[in-house]
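Order of writing sets the labels: A, B, C, D and E. Residues in every chain begin at 1.
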Amino acid sequence: MTQMTQLQSAPMPSAATRLDFLPIAVFAAFAVAPFLASSSGAEGYVLSLLTRVMIFGLAAMSLDLILGYGAMVSFGHAAFFGIGAYAVGILASHGVEDAIIQVPVALAASALFAALTGAVSLRTKGVYFIMITLAFAQMLYFLASSLAAYGGDDGLTLPSRSLVAGSGFLDNDFALYGATLACLLGAYMVSRSIVGSRFGRVLRGTKENAIRMEAIGFQPFHFQLATYVISGMMAGLAGCLLANQAEFVSPAFMTWQRSGELIFMVVLGGLGSLHGAIIGAAAFILLEEFLPEIVHAATFFLNDDLRSRLTENWQMVFGPILILIVLFARGGIMGVLRRGSHG
Amino acid sequence: QEKLKIGLLLTLSGPSAVLGQHARDGFQLAVKDLGGKLGGRDVEVVVVDDELKPDVAVTKVKGLLERDKVDFVVGPIFSNVAVAAHKPIVDSKTFYISVNAGPSNLAGKSCSPYFFATSYQNDQNHEVLGKVAQDRGYKKVYLLAPNYQAGKDALAGFKRHYKGEIVEESYVPLNTLDFQSELAKIASMQPDAIFTFMPGGMGVNLVKQYRGAGLADRIPFLSAFTVDETNLPAQQDAAIGMLSGSNWAPNMDNPQNKKFVAAYEAAYNAVPASYAMHAYDAALLIDSALKATGGKTEDKDALRAAIKKADFNSLRGDFKFGANGFPIQDFYLVKAAKRPDGKLETEVVEKVFDDYPDAYAKECAITN
Amino acid sequence: MTATFFFIQVLNGLQFGLILFLIAAGLTLVFGVMDFINLAHGVQYMVGAYLVAAFSAWTGSFGWGLLLALPSALAFGLLLEALIFRHLYDRDHLDQVLATFGVILFLNQAVKFVWGAAPLSVPMPEILSGSVEIMDGLLYPVYRLAIIGAGLLVAALLYVLVSHTRVGMLVRAGATNAPMVSALGVNIRRLFMIVFGFGAMLAGFAGAMVAPILSVQPGMGDNILILAFVVIVIGGIGSIRGAFLAALLIGLVDTLGRSFAPNLLRLVLDPSAASQTGRALAPMLIYIFMAAVLFFRPSGLFPAKR
Amino acid sequence: MLSVRNLQTSYGAAQVLFDVSLDIAAGEVVTLLGRNGMGKTTTIKSIMGLLRPHSGEIRFDGTPVTRLAPFKIAQTGIGLVPEGRQIFPTLTVEENLVATAASRTGKRRWTLDAVYELFPRLRERRSNLGTQLSGGEQQMLAIGRALMTNPKLLILDEATEGLAPLIRAEIWSCLKRLRDERQSILVIDKNVDVLSSFADRHVIIEKGRSVWTGTSAELVADPGIKERYLHV
Amino acid sequence: MASSLLELRSLQKAYGAIRVTDNVNLSVRPGELHAIIGPNGAGKTTLIHQISGILSPDSGQILFDGEDVTHLPMHQRVRRGLARSFQITSILPAFSALENVALAVQARSGSSFRFFGKVAQESSLNEAAMEYLNVVGLGPRARVMAGLLSHGEKRQLELAVGLATQPKLLLLDEPLAGTGHEESLRVIETLKQLKNRITIMLIEHDMDAVFSLADRVSVLVYGRVIATDTPEGIRANEEVRAAYLGEEEIA
């Protein structure tokens, strides 16, 4: 036995402990952000933006749970966004405006959809799984688009944000922000606990080698399906929040492009760390929001015409950024941080 | 005095970006023509791309309202974006001026004293063709639309004045590329005319394929938002002679319109579509209102009263607002034609409606 | 509904299927055979359409345009390969997805930057315009027959290339174990490059072929990309034969479903309910079909034997 | 023919080879011995260019091949039977043999027929896919595949693993025949006794260093060596 | 307890025209070490696949511990005490060696539908796992990622995982392939000790191991069992010598 290869496992724990600060830092940043927001003079905007970041962070994290730990690449995760959002929208349009009813209904509907489609989808693997989840999400998308009573393709505007036990405090942007943060934190802790638990170990093992797991007596299907349902419920919760944040519900929440974006967020942040997905979502949304301005500022030396054309075509910059991240920052943002804390 | 800030919320990426570009260019051309000032105040225009995603639009609108502190939001193109953005804008008591989208609920039940449209209510262009089909005595009409809300509204609009037989009401999935099977059906049913609503690339495909299948000379092709200046460059000769409904056409004979079309073509190397015209008018509208208030925007009621007056020379001629903030204007049957210089445009054939209000105005509760 | 009408719709379905096949073929080749998920395949199709639009406008002829567009599409594919894709072959699928998504964003915007946002038009070549009478009372556009022909030709060519040539063997071998192929003395990098360029050219060819009948516009490759994935998944990834069959099936299901589903539903529902349901169902059909196929054959119709 | 000097190789941060040197003359059969995990396979991978040694030098037929791409090294005339078989699962048996066939020595000693003669079992399975073979059949295929490149130097990494005694015996006799045809061979195998009966020389690797080199006679003569390094 | 722990009755399996398992009748007695030998491609691994449940036979019956398990899924057979190792190494490469084994221990101790509590700190699992690693001699390598182990070490890990499922019957598919001389000796030693506690079905081409370990040996050729006998009997069997053993290695 070479001593050298034994050593190589030694640095891992210390790096890991150093990285444990990262989720704390992320959540601390979310916690103090509102105070900065109120001094920015555009608090509604800043809060709205950061609330979106957290909502997408929640959805991306739920996707990371199945993708990063269970190797189930769902290309239909935005469907749960839609289920959560429509649960809020449809109930509200029938006068049921309280989150106490809306959220459980949304979670139950998400769980049901996840259980049904998951049970079918898990018959397949790899790219086939990717595409069959897409198929189910597309069916739901077209279904929502044809719901004329609920605005069809145009979607429907909520009369107001959800009540909480009869009180309308969510109408305050700070309150919605806080509620979103609480949901995100709660979901994070649950997920963190799951992946470190007995259940999580089986899940990770299944990702590595499903046949081997069967050969030691586990039935991977049950574990995968359970995770799929949990993940779907978390994304459904994110859908409820998104409906409240936008005060609007539309099939556009669940296009395949949206599902794709969620995958990109997870990969961008780095697979299999949970908080990586949140960071990826933040990076993605903030880039989408500010890249036009950054491009504008960075091209001060060009003439006005070219400059404004470049600014308008900011995706011409966004695309290459994504490519460079993949090429040079293996493992996404988390990969970079990990290497940083090594060296 | 502080600069006047105007937020343009438009779809500028994806396949429909060209519509947003026309509107943006139209608005900016107007600002330039007015010497960089509206109502005597220097103007800063903040352009944002709604990416045709309603939830993205909501956040971007909040950015316009709170970070940029705009005095007006101008836009958008698409109704689903318009509906999503409506609430945050009017809640913040900011004036919201649509340059295209005119969904029925914003004209009716959900109308708001802060919302104005320089365009039309969505149904109206379709109504033009329904009226034309009725007046020309077409007995059997084939209807074709994409399967989404605007598509359904379009056919409903057509049917408001058309009372003849509808041989088929056919819906194709949004983003359909190939209409070959529809065309086969049309050919086999032999209707007197077809009416369709196929915005963007779908319209390009349909028109080219309709002509290619040899139907264009046999069965009249009536449409709205399908054969217009955003699509004509790609449809080319295939579209010539096809009929549309509109509130305006580039060849409309009044001096300010002639100047506008010439200036637009010189600046952007394209014939303007109605999106550009609506946006140009929106700038004129703001200019006229601010002149009336002396450049002030603080007194909302005064500003609203000034906007309501619509005291400007619209490129389309007659223009006034109804109680719901939507225009009362004339509508025309227009036809695609080739100009002597080889470019294509729509040209007025006849006036179909005079001072025509929309069908939802009576549901609106605003009375002043 | 007459038999002629049904027959026309079948032809339409086949023709749509063969367009799908033209696009899916390059995708299967690169994905199935090289195990590389190339989301940028759709924008390569778009670039092919833009190239033919530009070259036809320049030369005034579709034929010359096509002739110039093909090598340009190949060169463009090789450029992308050298700059980006070659660094991704031994990466995770998801890395490939993210990077090629970046390529989509860039190119969709770049064509707008260069050619403007408005759709472009490509004139139909004179000799291929018009219709022929295939049988009594059945007129069919010549150009669409040409597409059917091109699709069949590409299918045959690919089948021979992949299944019956040594290059095909090496490429399949390299897909599962590139280092080993290299260790046995074959320059696998170069081989991959050629395959990739060829795939890009096929995508470009598909784009060029449809340009005269469809509008050429930014983002035109996005939805078709998803359909192409549906096709190769139903067919079984890596199988040219499967992609061919699946493309035709999807073409038929979509076309016939749209024309006849409401009629069929009318047998069991009242007319307005039937047309409502039919309308809601039509766009879902191919996805329902895919889910059903995968339910019974979780690895597609012709699973690659690994 | 092959000369390896002071090779050092790492997997990422973990160095596995510290100092490996070995030589093979034309027509010679040399073995690489050592317990599990000592670096035998790593040495082979470094020679083939599948891993990049960070120092040391490798020459084949007098030309330096250190850090060339694997296919270039293979083209100079090295045929590899890798550890763990690594046959191509999506190719049929025959395709596996044909796909990378070449004649690196100039003459075509090994043709499809010659390989089938050596392993009749493969002929029976010729149109089966690689995955459908039994473990031992895969091993035969891996050997056949390497022979089909008609290499100047044949490298076998645990090539008899999982083979039935009868077949194993046949492979040994085949290797002996090859040796008699003056084929150069580098072989790793745990059947030290058989190896010492026909190999010319042996190199023992211990914790990433080549610690002993000698002829078969020397190896047999000194049981201490086997005991010390191989715990036999 | 039944007189045989595992019993195969008229088992059949064919791939197209090839009969890989051809009317196999076999019984494994409790406590014995039953070796299966036979030429490459004879169908040994296929047989193990059917017993463990990866493949299902075309016809015939598999009785385990008196119960018909022919149609049970693999994981339920494992729960009944039927474990296997793989001929082609099958481990969890991103897990440490210890975790690989601990997971197998976990499978046999309590529910795994526990969402809370850190499994990595469950000392009962880790300690048991460590023991199995020590048994096969991988103790010092417990914390190394399994994917980074050398080939031989992976084979040892494969065995440890099989043991950790605490089987009544352990199916071993060439556990010695790829292990070095010293390690082979250690594995043989381990199996000798296990022999008394559990029943083992062993596939091996290493005749030294087979003849020193087996109580009985069955010979499979072209899918059929041509002989079942004591090691001595097999060694003397002319048919077996011709089909499989040859002359050289018996010396």
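Please note the rule applied: a contact is a pair of C-beta atoms (placed from the backbone, for glycine too) under 8 Å apart; a residue touches a chain by one contact, two chains touch by 3 or more.
All of these numbers come straight from a predicted model, not from anything done at the bench.
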item: Common touching chains of chain B and chain A; value: C
item: Identity of the chain that, by mean CA position, is farthest from chain A; value: D
item: Most remote chain, CA-based centroid, reference being chain E; value: B
item: Geometric centre distance via CA averages, chain E-chain D, whole Å; value: 29
item: Inter-centroid spacing, chain C versus chain A (mean Cα positions, whole Å); value: 31
item: Geometric centre distance via CA averages, chain E-chain C, whole Å; value: 48
item: Centre-to-centre distance between chain E and chain B (centres being mean Cα positions), rounded to whole Å; value: 74
item: Overlap residues in chain B, where contacts from two or more other chains coincide; value: 13, 147, 173-174
item: Two or more partner chains touched - positions in chain E; value: 148
item: Two or more partner chains touched - positions in chain C; value: 108-109, 112, 279, 283
item: Residues of chain B touching chain C in the complex; value: 13-15, 17-18, 21, 147, 169, 171-175, 177-178, 180-181, 184-185, 188, 200-201, 204-205, 208-209, 212-214, 230-231, 233-236, 270
item: In the complex with chain A, residue positions of chain B that touch it; value: 12-13, 47-49, 52-56, 58-60, 62-63, 65-67, 69, 79-80, 83-84, 86-88, 103, 110, 147-150, 152, 173-174
item: Residues of chain C that touch chain A when the two form their complex; value: 31, 37, 84, 87-88, 91, 93-95, 97-99, 101-110, 112-113, 222, 226, 229-230, 233, 237, 276, 279-280, 283-284, 287-288, 290-291, 294-295, 298-300
item: List of chain A residues in touch with chain B within their complex; value: 40-46, 48-49, 52, 142, 145-146, 148, 151-155, 157, 242, 245-248, 250, 252-253, 288-289, 292, 312, 315
item: Parts of chain D lying in touch with chain E, wherever the complex brings them together; value: 11, 14, 34-37, 41, 83-84, 121, 125, 132-137, 139-140, 158, 161-169, 172, 190, 192, 230-232
